[in-house]
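Both of the next two complexes hold chain A, though its partner changes from chain B to chain C.
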Partner chain A sequence: MTEIIQRYGPDLLTGFGYTILSWALGTLLGLVLGFMIEIARRFGPAFLRYPIRAYVEFVRGTPFLVQLFVLYYGGPLIGLRLDALPAGILGLTIYGSAYFTEILRAGFDAVPVGQVEAARAIGFRNTTIITRIMVPVMMVSALPALVNFAIILTKETVILSMITVPEIMFQTQTMMSETFAFVAPILILALFFWGFVELISRFGRRLERRFTHYLLDRS
Partner chain B sequence: MTSQTAASAHLRNVNKFYGPFQALKDVSLDIPPGKVTCLIGPSGSGKSTLLRCINVLELYDSGEVRIDDQLIGYDSPGGKVMAANRLREMRREIGMVFQQFNLWPHMTALQNVAEGLERVRGLKRPEAQARAREALAKVGLADKEDNHPSHLSGGQQQRVAIARAIAMEPRIMLFDEPTSALDPELVGEVLGVMKQLAAEGMTMVVVTHEMGFAAHVADRVVFMERGEIVATGSPRDVFNNPTDPRLASFLQGYRERNSLDF
Partner chain C sequence: MFSFQTIVENFPVLLGSARYTLLISVLGCIEGLILGAVICAAALSNKRWMRRIAALYVSFFRGVPLLIQLLAAYYLLPVIGINVPALAAAVLTVGLCAAAYLSEVLRGSLNAIPQGQAEAAAAIGMAPRDVWIRILLPQALKIGLPAIVNELILLVKASSLVTVVGIVEITRMSQSIAAATYRPLEIYLAAAFIYLVINLVIAQAGRMLERRLTV
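Up next, the complex of A and B:
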């Protein structure tokens, strides 16, 4: 075991790095894209609604692996030639955005209309209403779901191995095929994800406390 | 704090539809400056709709609504819908207080009041907070500035909401059933603040079921039914000599429910 780890240690570290990088960028960009889509759907012109719905339904209705293949192998057919890593990150971004946008939609819906009207009556502009009122208010209900989906995305990153992104799944598979060892690579994989997810959920709980501090009894 | 002159408001033949349903039928009403106008009437008669047409939280379909002599909602009578930035400018003159308070739950009382001063009036934070403190002091809540709404009673929340509105130095204030969501013992503190505002010469339009308040504080009482203004007059005229049979039966019903006289 120690021998294997010595031999594959650097590769494993590289794998961890790629997994974390693609998860972080995919999640962040997915969240940003999902937010923009929801703002467009909610405040944008009516003709955007149908294409947005189609986009969300398509992304949610097909397996991530299929989307990734379409992007990586189908992309070049329409002139979109991406390396594996950017393709993987873009894939995660698109995949995440469809789910994030739905979570945010429910969040926006849950903001009491009166709180928005109060802001309009005072003369706030829409951007201020969104950033100062709607987003902080809806985070109370939306944040657990957002964090939950960010956690789901950690595990979707293993699919990037299918398009040769050298992330942790890719590395452990290489390790398995070269050494015929089975237990150690799987164990390493499991431990890594366990720690990774634990870290994210801790961070999520801290964020939740930040957004809900006013609900706690402290005055 | 009401340093600017009180504004008047004028509705001319205002119509408002919700789909096929007509919520306001050719409503005309002059709201005099510096006076208290109370809107009464049965539930669903269009009182809130009328109030919300004054600051265009609801856009009326036809007619004219003016603040002083300035049209609000449209560029010109029957013309294009007013540009958003122009509407925002006009809304700065109009304060509104809601039945459900509608404070922002993630902000303290002070932040609720200061937010508009910072974001709409463009004041620097220390200046905004200083003025917010003045407004909170005025409604008797100087000691509650750090409380979030969830840690204030209904009456205190509504007083913060009033402070939030008056801090913007509006020239007219709209109240939509400001005490209807309150426990009876908390109604007095809110009405007290409103009386004080009235005494300072604020133009106030108050939708209310508090007939006692209407009788004692209003300069004019407007009775609505089914989207129309049915009767208008001094509190004495409306409450003591109701000539319109619908008004008389509304008041009769109210007296029976509350078994009291005013």
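Up next, the complex of A and C:
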């Protein structure tokens, strides 16, 4: 047992690091891209709407695994030659952006029109209206869904192992095929994700309380 | 160069493998609904230990990635002496996972049914089991229909993961065709296209069913 830990411990830790890294970057970049897409759809020219809709439908209608395969194995054919890790992070970003943009859309739709009009009436610029009025108000209703999707993304990171990103699943599988021990590694992996997901949802609830603090105070 | 010919030549085979994708996701969804109803009943039970078990089940199956669940079923079931074919193990696992999500869907829908319905049924002398099967569940299924259709779409996409246990559904088939033809871009895009069409059809069917049920 100690031998196994000595032999595979560092690899597993590295894998853990890659899991966290790809999740964090994928979520963050996905959120940024999703936000930009939503801004383009909402304030951009009308001809952008159809391509954006097609993009969202395509990403949401196909499995993440197939998207990764297209990106990683199909990419080089159109000159997009990426290593496994960047391809994985880009895949997560694209996948996340489509879902995030829909969540943000629902959130922006829920912002009362009167607030935007009031801001415009007192002379706020468009960018200020977005950052100071729409985003804070939108966050109240969209945050639970955003956190929920960030949690879903943690579970999608294991799929990166299928394009050989050396994250925790990949390391565990390597370890399993070399030691022929299956039970403990799989259980440990399951427990790890269970804990990870619980942790993020706790954090999400705390974040929610922060964003809705002013609502709670009054009632 | 993008080769449409590769797609055209391999499309029938790829489309044929879609039957496993459909089989796994539809059976998984049905299993998930049945088991999900049981878990939902446990979650709403007045016995504390039953609620605990239901909560633990939902938290576990929603907290652990399906890919890990599939590998666990594939490697661990034989260890405890259960030898099932890969397809059965895949359907079972997908269904177990779906049950966790669907039990929450059903719980939400049950909350939307007026309290008076169950009370009226009890008042005219229906047994608790009948109240569940004849009054509450049919209405919960109807209210939860959009979410259930959504879950089925998620399952179609999730079924791509059963490649790891060696079932030749769309994704696995596209992997081997891509390896044989050296045209991964075309083949994987074709696979993505098939998934997209399946999901659009399911979404449309769901909307039609919804309209029919609500009229």
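The definition used in the following text is that the second predicted complex is superposed on the first by the 214 of 219 C-alpha atoms of A that agree within 3 Å, B and C clash if a C-alpha of one lies under 4 Å from a C-alpha of the other, contacts with A are read in each partner's own complex, and residues count from 1 in each chain.
In the analysis below, a residue touches a chain if its C-beta (ideal position, glycine included) is under 8 Å from a C-beta of that chain, and two chains touch if they have at least 3 such contacts.
No experiment lies behind these values; they were computed from the predicted model shown.
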Chain C versus chain B on the shared chain A, clash or fit after superposition: fit
Touched partner set for A:P112, first chain B, second chain C, both or neither: first
Partner chain(s) touched by A:V183 [first = chain B, second = chain C, both, neither]: second
Partner chain(s) touched by A:L104 [first = chain B, second = chain C, both, neither]: neither
Inter-centroid angle chain B-chain A-chain C after superposition on A [Cα, multiple of 10°]: 110
Which superposed partner A:A142 touches (first chain B, second chain C, both, neither): neither
Which superposed partner A:R120 touches (first chain B, second chain C, both, neither): first
Contacts of A:F211 with chain B and chain C, given as first, second, both or neither: first
Larger contact residue set on chain A - chain B or chain C: C
Contacts of A:I133 with chain B and chain C, given as first, second, both or neither: first
Minimum C-alpha separation between chain B and chain C after superposing on chain A, in Å: 28
List of chain B residues in touch with chain A within their complex: 55, 57, 84-85, 88-89, 91-92, 94-96, 98, 100, 102-107, 115-116, 119-120, 146-148, 150-151, 161, 164-165, 168
Residues of chain C touching chain A in the complex: 2, 59-60, 62-69, 71-72, 75-76, 79, 153, 156-161, 163-164, 170-171, 174-175, 178, 183-186, 188-189, 191-192, 195-196, 199-200
Touching residues on chain A, where the partner in the complex is chain C: 57-58, 61-67, 69-70, 73-75, 77-78, 155-156, 158-159, 161-162, 169, 173, 176, 182-183, 186-187, 189-190, 193-194, 197-198
Contact set on chain A toward chain B in their complex: 112, 114-115, 117-126, 128, 132-133, 136-137, 211, 214-215, 217, 219
